[in-house]
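Each structure below is given as structure tokens.
Next come two complexes built around chain A: one with chain B, the other with chain C.
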Partner chain A sequence: MTEARLPQEIRPALDNGVPCLMVTCSADGTPNATVISQVHYVDDTRVALSFQFFSKTIKNVRENPRAWAGVMDVVGQVDWLLDLEFERSETEGPIFDAMDMQIEAIASATGMSGVFKLRAADIYRVLSVGKRPF
Partner chain B sequence: MIPAKIIRFLEERANIGFAGTRDANLVPSGHRLAGWQIDRSGRTVTAFMPDASSPQLLEALRDNGRIAITFEEVGTHEAYQVKGRYLSHRPVRPDDVELSGASRERFARSLRSLYNDEQAAALMAASIPAPGLAVEIGVDEVFLQTPGPGAGARIAP
Partner chain C sequence: MADPEGPAAQIARQAAELQILQRVASEVNATLDLEEIYDIALATMGELFAAHHAVILLLEPDGQTLRVVASRGYENQAAGGRVRVGIGAVGIVAQKRRMLQLGNLGQQRAYASAQRRQMMKAGRDSEVGDVVPVPGLPNAESQIAIPLLIRDELVGVFSIESPVRQAFDAHDRSLVTIVANQIASAIRNAQLYDERRRAADALQAANASLEARVAERTAALQRELRIAEDLLQQARSRVDGPLLGESAAVRTLRDAVAHEAIYRWPLLLTGPPGSGKEAVAHALHLGSGRKGAFIFVSCPELQTQNRYVPGAPARAADRSLISKFELALGGTLFLDAVHELSIEHQGELRGILERHSGDVRVVASTPVDVRTIGWLAPLFNGRAIAVPALRQRREDIPVLVDHYVRKYGRQLGKQVEGVSPESLQRLEAYAWPGNIRELTAVLERAILVAKGPVIEIDEESLDNQLSVGSYRLISQLGSGGMGEVWLAKHRLLARPAAVKLIRKETPPGAAREQLVRRFQREAQVTARLRSPHTVQLYDFGVNDSGAFYYVMELLQGLDLQRIVNNFGPLLPERVITLLRQACRSLAEAHEHGLVHRDIKPANLFVGRLGTEYDYLKVLDFGIVKEQPGRGGHDAAGSTLLTSPDLVQGTPAFMAPELVFGEHPIDGRTDLYSLACAAYWALTGQLVFKASTPAQMLLHHAQTQPALPSAVSELPIPGDLETLLMQCLEKDPAKRPASALALDARLARIRSSDPWTQDRARGWWDAHAPDVVAQTTTS
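Let's look at the complex of A and B:
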């Protein structure tokens, strides 16, 4: 599948601090649905998702790289729907540092300091972008 | 089956839910829930879904029947994930719409106490869609999903 470009109008929704939804699927075909703290804009063809715990999500994308993320645009009253493909994991560098800082801010604002801790920034290629009104 | 104390959580405290499915090529997709009802025995969950997600959702469920649903109480972050299989679907009934309204009201209440901002709470509460379709799911497994080191731990069976 070809790469898609993130439109500029998605940026405020990525930065609004509202938790996002993520779905992955294991190699044996079992879906996994989870809430994630943020979808971080890397560039117009890539996003980074936080890897905080050794979870089923992390296991799934390493055996089946396809993922789905839902980002809520509260002001625009739409859900952004992203089809993604896991590319690589980063444990240091500017993307990791920026996400680490945002996670800490979210944790502090939601009473989860000491629980939310970034282990890695998982980088995903955007395969398609769509939006669905609430 | 879903343990009794988690049924109580789902009926009285959980205020947001969403489902994950996958297609024949193991490509996942997500769907917002408009509400839910848990069978007394804890063996089935009926998920109320918006009409907008119906075509893709039903295509995936007819293909392979696999579905995961995560329920969360926004505010405390307490969350559980139910994994199971599609049993049937039908249009929503008036009592389903009432149950959907109750979960939306729990969500709005929790947002008002979190943000102390009526307008922000109303905007976010509007994100819970109107129900159009009731999908019955047989429960196979239940997992703890609350953020933390215990996330992903199996609760049942």
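Let's look at the complex of A and C:
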């Protein structure tokens, strides 16, 4: 499987709390689209997606590791389109903590702690990166 | 933020940053002042990240709250704002103790808020909590919050914010981390220093408080010690004072005390009044090593307790000698003025000494010549210590003066060194008729009025000490519950006299003035009496200390109480002779409308007048009461000694009407009392026996007395007995009509062996020759 590198200009679209679209597909080929709250920059070949309350998505990923995510740079008015492959899921460690702190920092002050609860940080390898203006 | 810049600019920027960081490290480590540390940290942020905002929050002692202690760049970010641990970016950083960097806060806040609104709109209110305001920049987009940690211990949070998205990069994070580490360490050092300084201050305050308490307690203990020392000194001086000195007389006295202290037999102390007999008794007690108490009994007061005092509880045990004896078990019973003991108490004492010899050391004192008290000498088997008069030990006066000056100086709080040499000479030359008691009174008064450390005592103050009116007091003849009787001499005429001092505690004011006026009136009335059988009143007045005094003729002899106490009942013919003289005195008084009201053996004085023996004088006419309508003076008023707060009479000799007021008081009241005195003289017993004054008074009112012949060992003529029983009638109308009538009836009683002057002289020569010796004290 090929591997793509994330460009620097994608960073404003990551870790910004703006929900993004995520699409997965079950083993029998049934697609599922959902919105996730955070795409976290891990390194220039990986991102971490927050696993919060999407049981269908995680079921699909466990059956079929391929996924697709679209993140927005609202200021730059650019959509970034990422082909991803599930690598592992972390419920502790630096990546999980960093994502959890970011979510909790906002959620705690807005009364959303009970809603924005990070259950796991799913690490995906970036297979390809594309972009298109709004 | 990583702006595009060339390598040279980048190197220059990094060099500048390095300089700043070095300076920060140097400055924050050079101070222990927290405010200064905050200023340095915030100023550094300004230099590193121009136009950005920085805040320092410290963890409160509760561990749950962060408090803003310093900030920079905020419009409304005053120090003192608080945020809970776990809330907002700084709260999460404090909770997780890890750095947090945020770059798109605006979008995140907007999304969270939108989600919140949607959920609430969808009726999912219960799933969302309250919005919590967090100190910080309202429109912040970027934030780096770093925990201030010292060895994993959270001190606070350091946070910088920017309204620009993604304003901080990894380099900025490193810079902030370096600064945060520096200030965390500096803050902790300053906090520790502050804590130690506070602890030191608290310790110092505690020490100061402790020192103050210790000083206060020490002062209190010193005061208690001084009081204890004073008490000890007083106790010692009570014993030691009169025995101080090196004269032969006092050395002999001390030797005698040391010799006698170890024995248990009864001991008599003789010596003039005020010579220190009580102190000698104390010394005997201390020297004996006996563990029991030293019990002081004033025999005259024991007698006085027999008197009827309105309102005073009558307790038989109070009057009992045996009750005092029981208190003194294993110790010493001191009977002061033992010669004043009544026959009843004499018997009690005799029984005590016979049955309980050794249980209690009985020590008695008397200023009277023992030879004149027949019953006393046998009880003590001649064992006696003579306490010398002060004039017999003049060489001790300087030592005594020194001792008492220090004692009274201490007691009165005066800084005194001693008496002047001239004063000491005067004291040594003075006769001291009042002995050590007079010396102590002189010194106490002199110290009280002293204006300097050296005490001056002039001749006048010595004279004033013991003088009333124109009379100088020579020596005390006796004392009792009412006051003292002194041998006195007129200053100019040198005429001897007896002075009776009556102590009556009355505060100054109208009541006292009224009392003085009444006293004067009574004395004036008494002075009108001319009967040779009435004691003559020479003078009267009130002395400097407020005591009333009468100056009377000096009599040689003994009162009837003492004669019977000492020598037993009298022969009937002698009693008749004495009663007739009393009748003549009373007749004149009654003629003037005066009722004596306190006729009793102690007020019938028998002795020698010129060449006549058994000459009787009625004493204490100063307490008579005028009969209504006859004397013309304040007929309804009470007399000096019968005012409500004083003794009204002696129950054993009191007529019923005097107590219960069923009949008017007149001369026949005195005749009843005179008959009681005669009963006593003939039989040595009271008309009635009673254990309390109230019982005695009831007997007088209701009980028929026993015939004197029934209780007497001596034969009593029937007509005398009949006459006395008539005088003892409850109804005054059944008594002889007057004193003269009684005198006439007495005169008609024939005796086979009349009482003659020869017999009287023989009696006095045999029993009390010194008392009626021709030469009187000069």
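Things worth noting here:
One rule holds for everything that comes next: the second predicted complex is superposed on the first by the 128 of 134 C-alpha atoms of A that agree within 3 Å, B and C clash if a C-alpha of one lies under 4 Å from a C-alpha of the other, contacts with A are read in each partner's own complex, and residues count from 1 in each chain.
Rule of thumb we're sticking to: contacts are C-beta pairs under 8 Å (C-beta built on N, C-alpha and C of every residue); 3 or more make two chains touch, one makes a residue touch a chain.
This structure is a prediction, so every number in the text was calculated from the model and none was measured.
When the two complexes are overlaid on their common chain A, residue A:M22 makes contact with chain B while staying clear of chain C.
After overlaying the two complexes on the shared chain, residue contacts for A:V75 are found with chain B and with chain C alike. Measured by the number of chain A residues touched, the leading partner among chain B and chain C is B. In the superposed pair of complexes, A:F116 makes contact with chain B and with chain C alike.
After overlaying the two complexes on the shared chain, residue contacts for A:S89 are found with neither chain B nor chain C. By the document's definition of touching, of the two partners only chain C reaches A:A105; chain B does not. Contacts of chain A with chain B, set against its contacts with chain C after fitting on chain A, overlap at residues 18, 74-75, 110, 112, 115-116. Chain A contributes residues 11-12, 15-19, 37, 74-75, 97-98, 101-102, 104-116 to its touches with chain C in the complex. Interface of chain B with chain A (complex): residues 18-22, 26-30, 32, 52-53, 64, 66-70, 72, 77, 79, 81, 83, 120, 123-124, 126-129, 143, 145, 147-149, 151-152. If you check the complex, the residues on chain A that touch chain B are 18, 21-25, 27, 29-35, 52-53, 55-56, 64, 66-70, 72, 74-75, 77, 79, 81, 83, 110, 112, 115-116, 132-134. Residue ranges on chain C touching chain A, taken from their complex, read 86-89, 91-93, 96, 98, 100, 102-105, 107-109, 111-113, 115-116, 119, 127-134, 165-166.
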